[in-house]
Structures are given as C-alpha cells and as structure tokens.
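Have a look at the structure below before the remarks.
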C-alpha cells in the first residue's frame, strides 16, 4: 500500500479515536460528529454485509444455483427459497395499523426455530457439567496432598489423576457446597421463612460474590490491554513511526 | 484436475422437482411461481379473523420449532458415509432430517437479514425528519446519512469488482480508488472506531472501581477481595516475586500465586457460574417451551 | 438391550447409535424437565381460575422499577430501555421486552417519555409492536411516538456509542439494561451513572454481571431475570412455569448430590476398590486385568457419557448406492451448465 | 425477611474527590508511558497449566499433516488476539507445520490474519529464515457466513466443507485449494493434526459442540472469555487454552524456556524452547505490553484503596 495513504489513514484513525475519547470529558460536538459518522458507517456496512455476507451466499446462490466453471462444479438452484421473500416482507407490515398482526408470522418463525433448538441443545450443553459436578467428597487414599507430577508419565500419572487426595476432597466439599448454596439462592417459589433455606440462600449469595469477584478480576486484564493497544497505535505506530519516521 | 474429480463424488445432487439448472428458464419460472403463489396466499390471509390469526401465527411458530424437537428425539444415523443407502423407511427419515438440518438452520438467518430494511427505515425516519425540519443537530444527521451512502456505495462497488476480478484484488498493489475507499472506510475508520469504543471501557472500569468498589457490606467486601487477588495474579512480575518468597516457606509450591488464583477459580468461580448457568438454562428452556407452544399471551400485559 | 422388537420401522443400528450418542438418559431427562414445566403451568392455570395465588419470593431490583419511573417523571426526563445486543430473536430478548412492556405501562400512565434502543432489526419490529400495544391497551394510543422505539445499529460498539450519545443528550433519568449484554455493559452503566440516572440492570452473560454489580443501582442476577415477568405480572402461565423451573432445579441439585455420594462410594473411602469389568463400546465387558477404579468407570460416568467414541460404536450394515444411481459422472457435468 | 435478601446497591452518589477527567488522564499516562521503553523486561514464571498444555500440544502435534486455524478476530481485539496469533504462527512456522486459514465469525478476519503472516515473513527474512509461502505452506479458504453449518460440515468432511474454494498459487493463478500441497490428501478431520481456534467471540462453543471431540482442539481466547472457557478445558473438551494477554506473555516465555518433563499434564515428555532468550523475537507483543498492564492494574488497585480510604474518612467525619 502507498505509504502516504497509510499516514493519511492512520492520521484519520487517530483523530476519530481522540474524537470518541472526548466524550470522557463531556458530551460535545466533536464526539457527536464522530458518533454520527460511526453510526452511518456501521448501518451502511450492515446493509452491505446483509447481501454480500448473508443473503448472497445463503439465499440467492442457493436459489438460482451456480454456473459450472473450471475446477468449480456448478450446483442446481432450489426454487423453494423464493417463498422466504414474501414471508419475510410481512415483517414490514408492522407499521400498518390494520395488518400489523401479519408481522408476527416471520418473527414467529424465527422464534419457533430458536425455541425448538433449545430442547435439542439443553442436555448437550449442561449434561456434561452435571456429571463433572458429582465430585467425591471423601478421599480414597491416606495421602493428603497430591504428589508433584513433574517427570511422571503413563499409568503412574493416570493413577494419580484417578485418586482423590485429602486436599482435593476438601476442595470438592467447597465446590459442592458453593454449587448447591448458589443454586438454592435461585429458588423463587419457596418461602424463605424456613430458617435453613434462608441461611443457605444468604451463604449462596456470598459465595456467588467470590465467583463474581474472580470474574471481575480476570476480565480487567482484557479491558486494559485494549487501551494499551490503542495507546500503542497512537503513540508508537502513528506518532513515532508514521510522523517522526523512527 | 484432481480437485474436480474429488468434488464430484457427492456434491452435485440429481435433478428433481425441487431444483433446476442454473440460468434455465424452468428454474426461473418455478422461482417466480413460488413467489407469486405464496404472495397471493398471504394477501388472502390478510383479513383473517382473530381466531384464524392466532392459529396462523401459533402454527408457524410451532411448525418451525417442531422440526428441531423431532430431529432431537428421532434416531440419528451415526457413522453415515457418503453414498450410503438407508436400510429402511425409518432410517430414510433420519437421513432426510440429517440432510435438512443445514438448510433449516439458514432460514432464521435469511428472514432476519431481510428484516434489516426495517432497521434502516427506523434510522432514516429519525434522521431524514431531522434534516427536513432543520431541527437541532441536523448537521450531524447529514454526516450520518452521508457516511451511510458512501459506505453502501463503495461497499457494493468493491464487492462487485472483487467478484469479477477474483483473488487478484486480495493484493493491495492491484487496487483502484474504489477498493482504497472501501478499505479506508471499513478497515480504517469503522474497525478502528470499534476498537476505540471498546478501549473506552478501561476508563470506565477505573472510575467504577474508584467510585463504587467500596467495603460497605459483607458482599461488597467479598467481591472486592476476590477481585483484587485475581488482579494481582495477572501481574507476572508480582507473581514471580511472591513465588520467590513462597519458595522459602517450609511447604513449597502450595502457596504459589498461581495455585491461589486457580483455587479461587476452581472452587468458587466455576461452581457459582455453573449454578447460575443451569438456572438460566432451565429458564431459557421453559421460556422456549412457552414461546414454541404459544402459551404466553401475545404482546404486553 | 434389544430394541428391534419395537418393530422393523427403524433399523436396529440406528436406534443403538442414536442412544449411544445422546444417551437414553439425556432424552429421558429432557422429557422430565419439559414435563415439569408444562405440568406446573397447567396446575397454575387451574389454580388461577380458582383464584389461588402462588408464592414468589421478593426480588429487590424489581421493586425499584416504580421508584425509578416515578423519579424520571418528577424530573421530566425520559426512561431509556436497552434490551441488550442479541444475535437472534430469542427468549432472552423477549423476556427483556416483557419487562420493558411493564416499565412502559408505568411510564405511559405517568405520561413520561420512553426510549427503547434496539441493536437488531427483528427485535426492533417486535419492540415497536409491543410498546404500541401497551399504549393502546392503556387507552393512550395517540400518545405513542413511533420514534420512541429506535434501531441504532447492529454493530456492537457503534450501538454503544449511539446509545450513550442518546443517553447524554436526552439526559435520561432512569435506565433499564436487560438482556444479553457483553463488553458494552460498562459503557452504558457508567454513562448513565455520569448523568445521575437510576440504573436497573441484568445480563444473562455472567461475565458481565460483576460489572453491573459494581456500577448499577439494582441488579438482577442470573435467573432472577426470568423470574421477573412472573413476579411483575403474576400471570398464571408465568408463575406456573417459574415453579416448574424450581422443581427442575431441585431435581438437578438432588441428582448432583446423589451422583456425588454414589461416586464417592464407588471410588472408595481411603482406598481405591479394584474392578474386574468396565464399559467398552457401549457394553459392560470383563477386563483382561482387574485394576483400581478410575474416574470414568463409575455408574454416573457411564450414565452421562454412555459412549465416548460414538463413531466406533455399532456395526454398520448399510449398503452403498450402486454407481449408476450415483448422481453424476464427468460427462453429466454439463447438465448443470 | 429483608436481612435475608440484601440489596445490591453500590453507587456512592456523593461526588468523589478525584475528578473523572484526572482519573482518565492518569490511566492514559500509566498505559502509554511504559510503551516508550522497549527494554523494560518484567520476569515471568508461567504457572497456568492450560498454557503449558497449549505449548506442549503445539510442540508435539505431528508435522506431516496440516492444522486448521480458524482465525476469528479482527482489529477490535488486536491487543490480545494479535499477540496470540503471532505466538501461534511462530510455533507453527518453526515446526514447518502447514496450515489452513478460515473464519466463521467475520469476513474481515482472514485478511487481518494474512497481514500478520506478511509481517512475520518480513521478520523471518530479516533473520535469514525462509518466508512461509502462501499455497505451499498455507492456504486461505476465507470466510463462511453460516458458522454452525460450516462446523457441522467440517465435522463430517473437511473436503465437503471447503469444496470449491480457491486460492492463489505462486504463479498468480486461482486453483482449487485441494490441489495445494497443504490440503493434498486431506478428507476428514482425522487427516489434520489439530484444530486451532483463535477467537474473540463465542465461536469456541460452536466448535466444541460440533467437532472438538473429533480432533485435537486448541483455543486462544480473549481475557474476558477466559472464565467461561475454563470449564471446557478442565473437562478435556479443549486440549490447550490460552486466555488473553497473560497467557500470551506466558507462551512467549515458554518459547524461550521450554517445559520440563511432566510440566504439562497432557504431554508427559519434556518440550524444548524454540527461541534463544537473546533473540529479539522472544519479546513479542505480550511482553511489550506487560509493563503497561502492570502499571494500569497497580493504578486500579491504588484507586480502589484511595476510594475506600475516602469513604472511611467521610464516615468518621460524619460520626464525630
């Protein structure tokens, strides 16, 4: 690519970035300018992508088929895809006072397809997690800590993995208690006047907070790394390399 | 022509009632007929009474969902190889279901894509109105509409050129003004504005942490404590120093920073995430059932 | 087990394969969950007709809705609602819109302006219809402003920029963030906080919930989101479904508890018992050499993953299509020209 | 009853002592300043077993078969994903493993990845190594709009999924990718040595649901996705996992130090490093950003402490 173009492009990017950042100080005209430009570009791209990335390959080509080219075999077209066009366009009747009920048909189809899939995927997604949570809470060895596995391989390693050591049993107790207490917090139709339930629910909430704290902590890294990268773009790639040519 | 022969094996289906040859008059006729028949049927339906309406909407929803439910409960032909025949009628059904899944999976995408026009309509009504009335901020609406049309124009022009020229245009040295224009708008501005907005979050995280992360209740303290431990665990330098000290302790290894964060993750983060997720999963399934069977009252109540 | 006795409609292999793949238990369990939900909906509807009310525990975040809208009215500033950035019209966004319909009803009665920002065109369609419906039902059909439901952009961060710009310019007094939120959650929450708006939030994405907890006034955690519409409207269908969900959670909890105990017993206390047979290719077969029991050799492990390599299970008796029935050959290629 | 259900109310509505703009300026300084100092090196001692497994798996997968690399990131998450992708490419290139590049998340993902490969080739030339050639060493099969369908198809047959795709050969002609040295003889997932997902969106679940069990599935995800990806790693559905910037830093360290025997739970033998510590390439993008990350997180913790001290003081002031 032309180096002058690159400097121009990077300059515009830096301007846009700073323009968007300006909202941190307060809402202002510069931000408003870039915000509207951003929205215009984004909606424009959605319109481009609608055809070029979705409809063209998944609908149009399927409907009319493809020509036979060298090294690329032609496919027949399936006319039934054409029926989706009028059905989809019922959605546009939402603005009609009289026929707006028809806009529910395409939405109903989308919803139905989604709902049916839920029955299909529910167990596949959660079943293995149920199984993994059934952790034994007592050790099956007299040793307390798991030995260091450095340098161990084969059956010996497999045996270590299949053994529940004392410390692991304690961890498993914590695991199961956390799991069941948090689950009890999400029971809605039982009266919490029952002392035991009230107590497990409160404990559940506290344990939940440990989990949330851990999530918070581990996601902070990504947020900061994105900023660091932007700073690297502005100061190193643009100012240092493009402008100062160093 | 090695590639050609290989692809032949199972990708070209035989001609049937349902398909037609690319560009042939027969296929076009079928396409137009299909379009017209469905359109006419829908026009007839428009004045249906409230009862019929309910059945039409509910029926469409039910049928769409029933496919996947049936697919799940009907036996799947495992270990099916290309070119294999079903053993009997029952297995023929499962073969058919298997083949139909990718097709059915596309329908939602396609319908949703057609509905994008509604979104564009919404954007236009707001901003064109503003420009027409010259109300406050109308200049910015002009900016929005202008960048919209530029993006659409250059986007389609670039796509068309790339379809004609093939992979040649993957190389920037063969680019013309249109390709540069699209790349500038998309790869340059749009993608980087995305990144800029994405990175703004870190400012907000800092201010939220300063403003709201306070030891005001047991819960907040617990949240704060585990968050800080995890954050410290992310610092490789700190971890290095900590482990160095931990190694001096009588029981080596156990107090390593990595062990602590891993313990937090395994004993608290994973089970609490799972407990929430299971509840949400059951909730989603229940809501899915209610929607599928149209048990909920339409609209708001 | 020989299932071919069920009839020759379905080949024996197919049945065997099916259930060695997803597992008979998976199908059974899914049916149980579905049945519990439907049964309780039926029970609640019956009870509802007899005027019985079923108990739901208090959900603090939801009591704040009236307060938030009331405050917005006092200040004469709009209520902003964002149903997340879904990639599909699904239960999550429908649920969010149901809660928003309730908020809209309160706002409409107070005569307070609303603004619903959508990130997905089909959602925009549903939202427009629902909100207009609310106004019509309240007899305020003429007060509904079609521009109060807007499509902003389907691009995550363009949406974030657009919505925060709107919040700032309209000086929203109450902000409701419910549904599928991702990284943009904190942008909304902090922007709203910056202008002093009350925020009621909920994300089904667990990784975002802590950010909402840190930055928002009221947060619905996890499943509370699904309980919300039942709590707000007390519709028998929703309440029944919620009770059904509770039953399912109890079943799952019990199952985990039993599995835990059973695994513990089978894997031994202070000693690993030796086993002489194990599951191979979907059948219990004697082992050449007995060995101490492993993690994956318990009843529960077999129940949940009956066959780890489904492709290896079962013998395939299917015939091949004869070559002349195969769709094409080189000279037929031109057919598709 | 109220005490059993404490409310999540956390906003302090009183104006904090440090104004927001100053806070933001501090953060900009904290992240930008360390970037100007190339020679800061912060020690790193990798401890995350998932990263050990990732490196060990990458160093031991067979070299006679290609790997499938689904690159699902664009410049929006360049910070973490580019570093991860570069580390992956360095290892693959070092071991002369051929690869196929594609995406189901974003049409822009393959071009962005190709750009990284171009940059890495420049770097290789500078160090006197042969550039990794398109068509002979890797092919780009582009973007697939229907992710679920593509994953489903890949699970059945790689050939079917990628059929009809073309790439440019060194003579500048378009040719069927299955005629390239990379994909020659590949028909199903059994013919590839690993499936590697470098992702910034939820594509990992799509693959895990449909094909992870049929091949060696490795995942590079962003830091935010980490917590949700861990359960799949611990259940063995994902064989190696790198989560965000910290894992990139760890990988860069492992590329120098290697792993002793038993260090990885999934590969018993010792694995050597591939770069000497003196090689400037051993300080990759991850290491380059590490100092800034440290300063930023320390600033964050500091602000939490200051905020709490302020609250404590205000409370005491109100009490007296």
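To keep things simple, chains are lettered A, B, C and D as they appear, and every chain counts its residues starting from 1.
The criterion applied here is as follows: contacts are C-beta pairs under 8 Å (C-beta built on N, C-alpha and C of every residue); 3 or more make two chains touch, one makes a residue touch a chain.
Bear in mind the structure is a predicted one, so any value in this text is a computation, not a measurement.
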Taking mean C-alpha coords per chain and comparing to the overall C-alpha mean, nearest is chain A
In terms of C-beta pairs in contact, which of A-D and B-C ranks higher?
B-C
Going by the average position of its CA atoms, which chain sits the greatest distance from chain C?
D
Computed distance of Cα centres, chain C from chain B, in Å
15
Round to the nearest whole Å and give the separation of the Cα centres of chain A and chain C.
14
Quick one: report the Å distance separating chain A from chain B, using the average Cα coordinate of each chain.
9
Hey, what residues on chain B touch two or more of the other chains?
3-4, 7-8, 10-13, 15, 21-22, 72, 106, 108-109, 111-112, 115-120, 123, 137, 186, 190, 192-195, 197-203, 205, 207, 209, 211-213, 218-220, 223-224, 227-228, 231, 234, 265-266, 269-270, 273-274, 276-279, 284-285, 288-289, 291
Chain C: positions in contact with at least two other chains:
22, 27, 30, 33-34, 57, 88-91, 94, 122, 125, 129, 146, 152, 154-155, 157-158, 161, 169, 183, 193, 206-207, 210-211, 213-215, 221-223, 227, 249, 252, 333, 336-337
Multi-chain contacts in chain A: which residues touch at least two other chains?
20, 23-24, 32, 34-35, 38-39, 41-43, 45-46, 52, 54, 58, 65, 67-68, 71, 73-76, 91, 94, 104, 106, 110-111, 114-115, 118-119, 122, 124-125, 128-130, 133, 161, 176, 179-180, 183, 186, 192, 205, 208, 212-216, 218-221, 223-224, 226-227, 229-230
So with touch defined the way it is at the top, what topology do the chains form here? Options are line, ring, star, complete, other.
complete
With touch defined as at the start, can you tell me which chain A residues reach chain D in the complex?
24-25, 49, 52-54, 57-58, 71-73, 121, 124-125, 128-129, 132, 149-154, 157, 161, 192-193, 198, 201-202, 205, 214-215, 218-232, 234-236
Residue numbers of chain D touching chain B in their complex, please.
6, 8, 10-12, 16, 18, 20, 23-24, 27, 31, 42-45, 47-49, 74-79, 108, 111, 114, 145-146, 148-149, 152-153, 157, 159-160, 163-164, 166-168, 172, 174-179, 227-228, 230-231, 234, 246, 249-250, 290, 293-294, 296-301, 303-304, 306-308, 311
State the interface residues of chain B toward chain C in the complex, per the touch definition above.
5, 8, 10, 12-15, 21-22, 72-81, 83-91, 94, 108, 111-112, 115-120, 122-123, 125-126, 129, 137, 190, 193-194, 197-198, 200-201, 204-205, 207-209, 211-213, 223, 227, 273, 276-280, 282-291, 295-297, 299-301
Complex contact set, residues of chain D against chain C:
1, 5, 7-11, 13, 20, 76, 224-225, 227-228
Over in the complex, which chain D residues touch chain A? Could you list them?
1, 4-6, 20-21, 24, 27-28, 31-32, 35-36, 77-80, 107, 143, 145-146, 164, 166, 175-176, 209, 222-224, 226-227, 231, 234-235, 237, 243-246, 260-263, 265, 268-269, 288-289, 292-293, 296-297, 300
